[in-house]
Amino acid sequence: MTMHANPSAETRLERGRRALDAIDGQAGRNVIDALAEIAPDFADYIFEFSFGDIYSRPGLSLRDREIATIAALAAMGTAQPQLKVHIEAGLNVGLSREEITEILIQMAVYAGFPAALNALFAAKEVFAVRPLDSAADRA
Amino acid sequence: MTMHANPSAETRLERGRRALDAIDGQAGRNVIDALAEIAPDFADYIFEFSFGDIYSRPGLSLRDREIATIAALAAMGTAQPQLKVHIEAGLNVGLSREEITEILIQMAVYAGFPAALNALFAAKEVFAVRPLDSAADRA
Amino acid sequence: MTMHANPSAETRLERGRRALDAIDGQAGRNVIDALAEIAPDFADYIFEFSFGDIYSRPGLSLRDREIATIAALAAMGTAQPQLKVHIEAGLNVGLSREEITEILIQMAVYAGFPAALNALFAAKEVFAVRPLDSAADRA
Amino acid sequence: MTMHANPSAETRLERGRRALDAIDGQAGRNVIDALAEIAPDFADYIFEFSFGDIYSRPGLSLRDREIATIAALAAMGTAQPQLKVHIEAGLNVGLSREEITEILIQMAVYAGFPAALNALFAAKEVFAVRPLDSAADRA
Amino acid sequence: MTMHANPSAETRLERGRRALDAIDGQAGRNVIDALAEIAPDFADYIFEFSFGDIYSRPGLSLRDREIATIAALAAMGTAQPQLKVHIEAGLNVGLSREEITEILIQMAVYAGFPAALNALFAAKEVFAVRPLDSAADRA
Amino acid sequence: MTMHANPSAETRLERGRRALDAIDGQAGRNVIDALAEIAPDFADYIFEFSFGDIYSRPGLSLRDREIATIAALAAMGTAQPQLKVHIEAGLNVGLSREEITEILIQMAVYAGFPAALNALFAAKEVFAVRPLDSAADRA
């Protein structure tokens, strides 16, 4: 699964919107909507830079990109809302619940047990509201 | 590539030593040696917990585990020596230079451009001293 | 707007109380009140050191000091309650809502998009409960 | 008070369970219970590594270990739930409320006033729900 | 001093190159050059996103933007090379040595004395190699 | 060993100078000297606030205060120079090399193995240049 087919045919904004929608789904759209009142330009940067530029680059699959993002956000420990969005995104692009749980457990080694614990509890919340029989969980 | 074949036949320490050796290679052995004088028990915890327990778990490949570790250490920005060891480890378990570079570029989105920059310069140092024709770089 | 007129005529505590009141207003007083039960001495250090010493120094305007504080707290990502107090303080000493929003957007470059996002949502909360026609917002 | 009497007579898991129970009490058991559904193995690592290995080491008293943990968690600012558990644990192993408050105030010097403030408010919550006449508070 | 005059007449890359040159000067060019070998695309993102998009936005002066960046990098404590570049940039866009020193001293309140100390020593290095009679220092 | 005998008989600056000298010794004086050129006032704040106010408070021994500081600085991972000063200070106020090593090993649980490793290597450097037969090491 890649986002970078035919990039020249669309603007960065269009490519980013398409990528965000495919990766983050409703959770991503909620963040964009919440920005409308305070900083709508910032929503465009999320589309254009994060998704239109970075996630659309070839050279790393979306599944691998979400492993990296989930690990980073769990280790940082300062971005719980974004960690939940990307645990959801990980499921959307083919990571299983078990794989996500393994990534988070591993963070105990690099960022300490509290970082891993808080990330595991975030995953527990995401998993609880998502139907188990969705396609991503059978991946 | 997995570390968890026949775990019951060896101790956590033995399994951890074998895993550390396969993953981190000489860079890992250097860390262990440097600990001998100040905290030899801590070297055992690295073997036993980090590698004997965590990296030896099934459920996530070593390649995926290194994506997670490289991303986390780059995002944290407080562990440059360990980041270099794991960029080396990433190459050892099958990540290409391009994939590692992609992971580090992506960290700009989550931890800021300075974190990505400092990690890219760490990778540049590791790549510079490692022969390009090694097996890992052709993966 | 400066806090350092005639510093010798008052104690550090008095100068700090006056400065905290002018800068942080009710939000600052709430923090001090909440400390009364657990660590009243710590409230004195906030008055004396943070406001009586640092914010009362000549050499940088209060407006510039609040730019620095808002940026730092947004980038750190571990001090959301204090970030809200200082977004309020920024408005009190002459920063406009637009300027504060610009500072927070810029933090995406240095501390990542999640840090900027969480700070923008904090600003959204502060802006929502503050009347738009106050003097600070017309600055 | 030590945890390391006769370590060879019990497994790491048993020793860790006993240590966690003595140090963290009910707050620790709640964390373990919450992990049951998402990552029961991680609960075992907390028992085995954190408490069976580290807290059971001779060379530093449990009281001194909790000073270190409370200081670290307060300074990091990313682990408020764990900070509360260890403020409780500190009281359990002989730290007084005054000593814990001193540790947290001191963190203003090393991690900034917001880190100290947020930690003091965490302590206020823990102290509020714990009866004052318990043994630990008379220590 | 603004970067946003006539933005539509040039590409993001051109606008970013112009802005980086005016703000960061030689220190910025050195970073870009060092990226050429490892991740040339990342240099483009620095031009396009950081400088072409963010620093080129109206609504906050370059002087105010550098106050925010210097404060953030000092508080984070994980980006000493970038902090030095932006202390230099601050001088380039009109901050005086005294003002920069005030910003860094103030960080002791929010990020602790070590963060302020390490940032002050970074500033000392930058100030030492820059001629005192430059225009920026007379601002 | 306390710093708070007869505090009213001396100024905060005098009390702080005396405390810094007793606790940090030559390592502390070197920091103060290095500040003379860039921010001499900041040296005074270190004397007055950190040592004159905080370390001079009754309610926690200097030995316990250094446990807290060493743990916090090791966990934060952004203050290696200050960590070395306080490892030295810990020895000065009665912590043994073994106790300091235990504190640092324990940080692996809360801040991750890299934080503990980097702190252990800092301790190794401090221990290497300090004669083993000093009073502190026999404590």
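As written, the chain order gives the labels A, B, C, D, E and F, with residue 1 at the start of each chain.
Criterion: contacts are C-beta pairs under 8 Å (C-beta built on N, C-alpha and C of every residue); 3 or more make two chains touch, one makes a residue touch a chain.
Treat the numbers as computed from the prediction; the structure is a model and nothing was measured.
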A-F compared against A-B, more contacting pairs: A-B
Fitted rotation between chain C and its twin chain D in degrees, CA, nearest 5: 120
Interface copy of D-E among C-F, B-C or B-E, judged by whether over half of the contact pairs recur: B-C
Per Cα centroids, the chain farthest from chain F: A
Taking each chain's C-alpha mean as its centre, the one farthest from chain E: D
Chain D and chain F, separation of their C-alpha mean positions in angstrom: 23
Euclidean distance of C-alpha centroids - chain E vs chain F, Å: 33
Residues within chain A bordering two or more other chains: 41, 45, 49-50, 57, 73, 75-76, 78-79, 82, 101, 105, 108-115
Chain E residues within the chain A interface of the complex: 41, 45, 49, 53, 57
Chain E contact footprint on chain C (complex, rising order): 49-50, 54-55, 57, 59-60, 64-65, 67-76, 79, 82, 98-99, 101-103, 105-111
List of chain D residues in touch with chain E within their complex: 75, 108-115
Complex interface listing, chain B residues touching chain F: 31, 34-35, 37-39, 41-42, 45-46, 50, 73, 76, 78-79, 81-82
Chain B-touching residues of chain F, taken from the complex the two chains share: 76-78, 101, 104-105, 108, 112-118, 120-121, 123-124, 127
